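What follows is subunit A paired twice: with subunit B in the first complex and subunit C in the second.
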Partner chain A sequence: MYTSFLELCGFTPNEIRKELPRVKKAFGILKIEPEDVKLAEKRIQEIFDIKLEGIRKILSIWIKELLALVLAKEEKKKIVYAIMPSPAESYTAAMLASEDLYVGYPDYVLQMTMGALFNKLDPILEAGEKMGMGPGGAHCGLNKTRLGAHALGIISRGDLSLAWGVACDEGPKTDELIHEIFGMPVQYINRSQDSDLKEFPRINPRALEYLTGEIRRAYKRFGEVAGVKVTPDLVMKAIKLRTEFLENYNLISEIMRTDPIPLSQADFLLFHMITSVCIRDNQGAIDAARILYKELKQRVEKGIGVVKKGAPRVLWGNHTPVADPSITKMVENLGLAVPVSEIHYLISRIPTKVFDDPIKTVANRFFEMGITTSVTGRISDIINICKDWNLDGVFWFNHFPCRLIGTDAMMIKKAVKDQLGIPMLILEGEMYDTRIYNAQQMRTRVETFAQMLKMTKATKGKE
Partner chain B sequence: MLTAGVDVGAVSAKTVILKDKEIISYYILPTGSDVTQIGENVTSNALMRTGFSLNDLDYIIATGYGQNSIPFANEAISEIICHAKGAIFLIPTARTIIDIGGQDSKVIRVNEDGNVIDFAMNDKCAAGTGRFLEVMARALDLELTDLGSVSLNSKNPCKISSVCTVFAESEVVSLRAEKKAREDIIAGIHKSIANRIITMGLQIGYENQIVFTGGVAKNKGVQKALEQELGTKIAIPSEPQIVGALGAALLASLSKTKT
Partner chain C sequence: MESISRLSNHLEKRSIELKKLKDKGIKLVGFSGLGYLPEEMIYASGSVPLRFIRGGDPEAVAASAAYIPRFVCPFARSQFGYRVLEEEFCYQIIDLFACAITCQHMRRVADLFDLYTDLDVFRLGVPHGYNTEQGLKYYLEGLHLLKDKLERLTGNKIKNEKLKNAINLYNKMRELLKKISLMRKVQPPLISGREFINLNHASFFADPTFMVEVLESLYEELNKKEKGDSDSNALRILLTGPNLAMGDYKVVNLTEGAGASIVIEEFCGGIRHYWDNVDDNGDLLEALSHRYLRKRAPCAFMRPSKERIDLVVKLAKEFEVDGVIWYQLTYCETYDMESYYFAEIMKKMDMPMLKLESEYDTAEIEQLRTRIETFIEAIKRRK
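Let's look at the complex of A and B:
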């Protein structure tokens, strides 16, 4: 029953033989029925470009992450949870400390698998709502996912949560709630919040020292719980490992500059999300990126694109919806080419400054993105992306419940209009919860925006 | 050249027939449940007045929520684009269009060619739309068409604080229980709609001439509230409900010319 699904997701026959018992166990815990698997197969074929081997391979990485998450306790691992937004290197270093550890981002893994692949996220979100994060309260779907997954027993109580409160307060507050209800210990990683609006791209040395100290403190607590230390060598190893993935990811990113663009952002999301989390099979992800790059190069040589050549090109503000990639497909089907999405473009930049202390390098990397420092920093990054990619407009999928990225859309729209003279469409949505919007509801606005940009482009072409 | 624009909205379906860019006929019908059928009905009714048949039409553009369910249309175009074209055709000085239809409201900025340069539209909520007024008319035991004239007698509009249709209805029921004058309640409702629309449009800004279209533009009370809140006179076409269909028919003429 699961074989065809696993084949579709890029598992080799050997991998299928090896993983099948784990798949059965994990799907049992997740209440994934045979009918759900059939529906997922159909959904995956509709949404993702599974003709591409690179896409199938990266799907297998996500399924493996789901298995590792759900079976962590049963496989006698010590469990340390991570939350977003945070630099994946910091957790990757912890993960590398021992094979007897599970370190990972439960919410992102569930979003990418139970959401994007199985379309079975709603019961998890609803369970989170029943546990205290009520509906209509503008709570982030990621946090509801974590809370709901604990409530349903899909994931085991962690031995520790290393909760980044560096850019968002609701993430650590949710883990505090999980601590109160389920008894999971939490170590907070904080920062000094007082960034000067004119500071970016200069990094405040005091904030950098503070965050470096916080990560070090978190690693100390991690050592006490896990019984293994995160050494500077491990942090260095994590940086190198992540950098190798990013180098290959960035080749794909660069090929998206071609017209017509050879890959949908719905597919690219599968790689985007790897830039944000720590995973077990890093080499597998690197290989998948290499394979995809080769496949896309062939597409470019043949002039194959997912949107018509000459289509208006837009920046996707924030990042594309995770739980429902069909929104991304709808935007592209209406004739907008989306070569780049803001957050993942920024996350994927290779660290530019390397310190003797690798922990400081990780902390510094976090501040190198305008989005984590100030609105003006974010605007500066967005303006630079639009110029660099020669874009015709900005498509803003506003993640309304977000403390970090959900409040500055109007300021960004004004800046984009004033400084670049290009329009920006703001759609209110939730990147991690499909219940409060749908593609049809957004269609008129997206369609109008696409037609508006086409007319502008046609007029410019005549001039 | 003979073209048609078919605008199948959430509440009403409209067809405009143009002959050499002159309106020769139009028709309006309630949408009902069968979108495809209503598209056919409203178009055949519009054609009936002209002596032409569907086969005589050179090009047809569909718009509105039902735009993709009109099999006889040559093309489908977003209603925002169509409204802009229609409004600037009727009122060439138009630079901002406020369109309030059955279940959505829009503020559209256009240039002198009738091309959309920016727009804002309600997303999840029906407050500030024709549907909102329908619910309020029912709560007040009035016909929808009477709301405007009744509200013009108001001396002291009530404050309707809610931005949600369901909760606003409860608020109206409470105001009735407090024996507030019906005209004051309705004027308060109109003011609440005006505030909601104006706030939505602030993200793109307003520029004169402002033109008010859509079925709700027939309501003099909403017009008055909008003018008061905006501090400027707004223009209303003689038949504000057909502006989208007209724009579609005009775009059909352009498309046909290109082919």
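Let's look at the complex of A and C:
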């Protein structure tokens, strides 16, 4: 049972032999029954392009992350949790400090595995809802996942949470709640979101200095708890590791410019999310990206695409849903090519400015993204992407419970219309929760939007 | 009470007075309503501070709908809505909007004013690490930037003496509000919750010197007031939550209408915080930063914010309340989450608590009435 599942997820026979006992143990904690594994196999084959070895390999990375997360306590690791949105290299540096540590993003790992692969998120979300993030309060599914996982005992109480409160208020508040209920110590990393609208792309030195200091303060607390230090060398090493992955990831990203596009965003998401988290098997992820790139090159040479050649091309505003990739598939099946998704395109940019102090480099990179700086910064990035990728429209999947990325859609729509004259569809949704929003419900509006874009494109072609 | 009548007369004419001041070249500065921006600085610059604290009207929320999604708190949405409606004097007449960036919601208010109006917008960064040296330093730097901005706007230097006078004036106002508020400790309270909240709200619109005079005379009047029956059974309620806006009186009215008294309130925004004053010695901007960032109770978006919960617990004990009403606004994510463990604390204290939520919709009122009346009945029975 587990063997066929692990094979499907790109595990080698050696890896299966080695990991099987851990898989059994972890799946026991997660209450993943044999029936669930069967259903997951079916779901994976339906949603993901598992003919591609690169996709299977990256699936194995996610499963390994799930094992590391769930078994961290049992494997006698000190546990330090990370939260989003944050630059992953800041945590990777901490992870590299010792092999006796587990450092990771529990919510993202659970979303990618229990959500996207097993479709078993609901009990976790419901557990979060019972503990202070009630339904109807517009709370983010990602944070509910973290809280719910603690409530259900799926993940162990952390020795520390390094809670980035740099772009989101609810994330650190969730950790405060976890602290109040379960006693997990929390170290907050703060910033003020007071960027002037005329500022971007210039980075405010005050803000940069403040955030750099906050990361340094967090590392100090980390040292006290973990008993190991995050040195500048480790931060530098983390930046290099991430850069190496991004160089390979960006080759895939660039190949998405071809018409027809060779890969669905539902598949690409498996790689996108690696850019946002810290993982144990960095080399494995780099290898997976290399393999996928080669496979996609072959597709391009043969003219194979996931959407018809000449299909209208849209920017996916925010990023594609994590818990329910079928929404992404629905959009593509309606004939819209999605070569680029906003947030992950921006996250995957390699830092342009490198300081002698690597911590400052990490902080600076965060401010290089308009989305984390100001609404005008975000607009500027979106306009540039649309121009650079020669896009026909914007499909805005508005992650409604996020006060950072879900409250400026109308401002962006106006700018897109005024500056580019292309249409933008705003569709309310939840990236991390499948219970309220689903592909069937959204289909009619997307269909109409797709028709309009096709018509406009056809008319332009005639002109 | 005579003082209250004088205040009403003053407020009635205040808009005309402000228009005259504007015509004379005096600048009017609107500033955000969560109490993180020192109005003493605006006053010391020779301009008139007008705090944006209106709320409670469904029309203002609706007016914002074309600009911002509904998942922003109704108070924040209303702030731009009032500007769109063109019915609120303060929201139209100002020369500068100074917005303390306290939470994601207020951040968007600043964005809306910046993108959709021709108003000059100043953002004051409010670090959520309010109890760290770094946070305090960042906030203080922000106050220096605010000072520069106000000096450029008015052409007046904010000299130390002027600032000290302004601080003393507002310290006096806070002191008097505190003294009057404490008069609610007795049973029955010498002033009702609604009356005190009105007074508090008026202090943002009235001329501050006049306001201090009124508060002084009111304090005297209340002192002379005949004490009521101390055996009175009227229930004593503590009201708390994120925002008690000027105009958002339904919970207050329903509670007091049902025979209970709101004897104390603790809110992040909408009302003036009067427990602590500004030290008028040493570096005055530093003193302001201490008072406004660190000394006041941290709102739920601050990290950690437990200190405020501790304050509410302390107030509940000191004011000998019979129950607590937690009144929150929809989509205020941090307060909603905090209400979970606050309720646990209340449970441990054996303190009855009612959690209410509003989106400034008139349709809510009957539901709120039923819940409040039932809550009060339940406490009465238990007593």
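As a convention for this text, the second predicted complex is superposed on the first by the 463 of 463 C-alpha atoms of A that agree within 3 Å, B and C clash if a C-alpha of one lies under 4 Å from a C-alpha of the other, contacts with A are read in each partner's own complex, and residues count from 1 in each chain.
Rule of thumb we're sticking to: a contact is a pair of C-beta atoms (placed from the backbone, for glycine too) under 8 Å apart; a residue touches a chain by one contact, two chains touch by 3 or more.
All values reported here derive from a predicted model rather than from experimental measurement.
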Most subunit A residues touched (candidates subunit B, subunit C): C
Which of subunit B and subunit C A:Asn438 touches, first, second, both or neither: neither
First (subunit B), second (subunit C), both or neither touched by A:Asn398: second
Contacts of A:Gln419 with subunit B and subunit C, given as first, second, both or neither: neither
Partner chain(s) touched by A:Thr448 [first = subunit B, second = subunit C, both, neither]: first
Touched partner set for A:Met410, first subunit B, second subunit C, both or neither: both
First (subunit B), second (subunit C), both or neither touched by A:Ser192: second
First (subunit B), second (subunit C), both or neither touched by A:Asn250: neither
Common interface residues of subunit A - those touching subunit B in one complex and subunit C in the other: 410, 428
Complex interface listing, subunit C residues touching subunit A: 66-69, 71-72, 101, 103-105, 107-108, 111-112, 114-115, 121, 123-129, 132, 134-135, 138, 141-142, 300-301, 303-306, 330-331, 333-334, 336-341
Subunit A to subunit C touching residues, read off their complex: 131-134, 137-139, 163, 165, 168-170, 172-174, 176-177, 179-181, 186, 188, 190-197, 206-207, 210, 213-214, 217, 374-376, 398, 400-401, 403-404, 406-411, 428
Residue ranges of subunit A in contact with subunit B within the complex: 410, 413, 423, 426-428, 436-437, 441-442, 444-445, 447-448, 451-452, 455-456, 459
Subunit B residues within the subunit A interface of the complex: 65, 77-81, 104, 115-119, 121, 123-124, 203
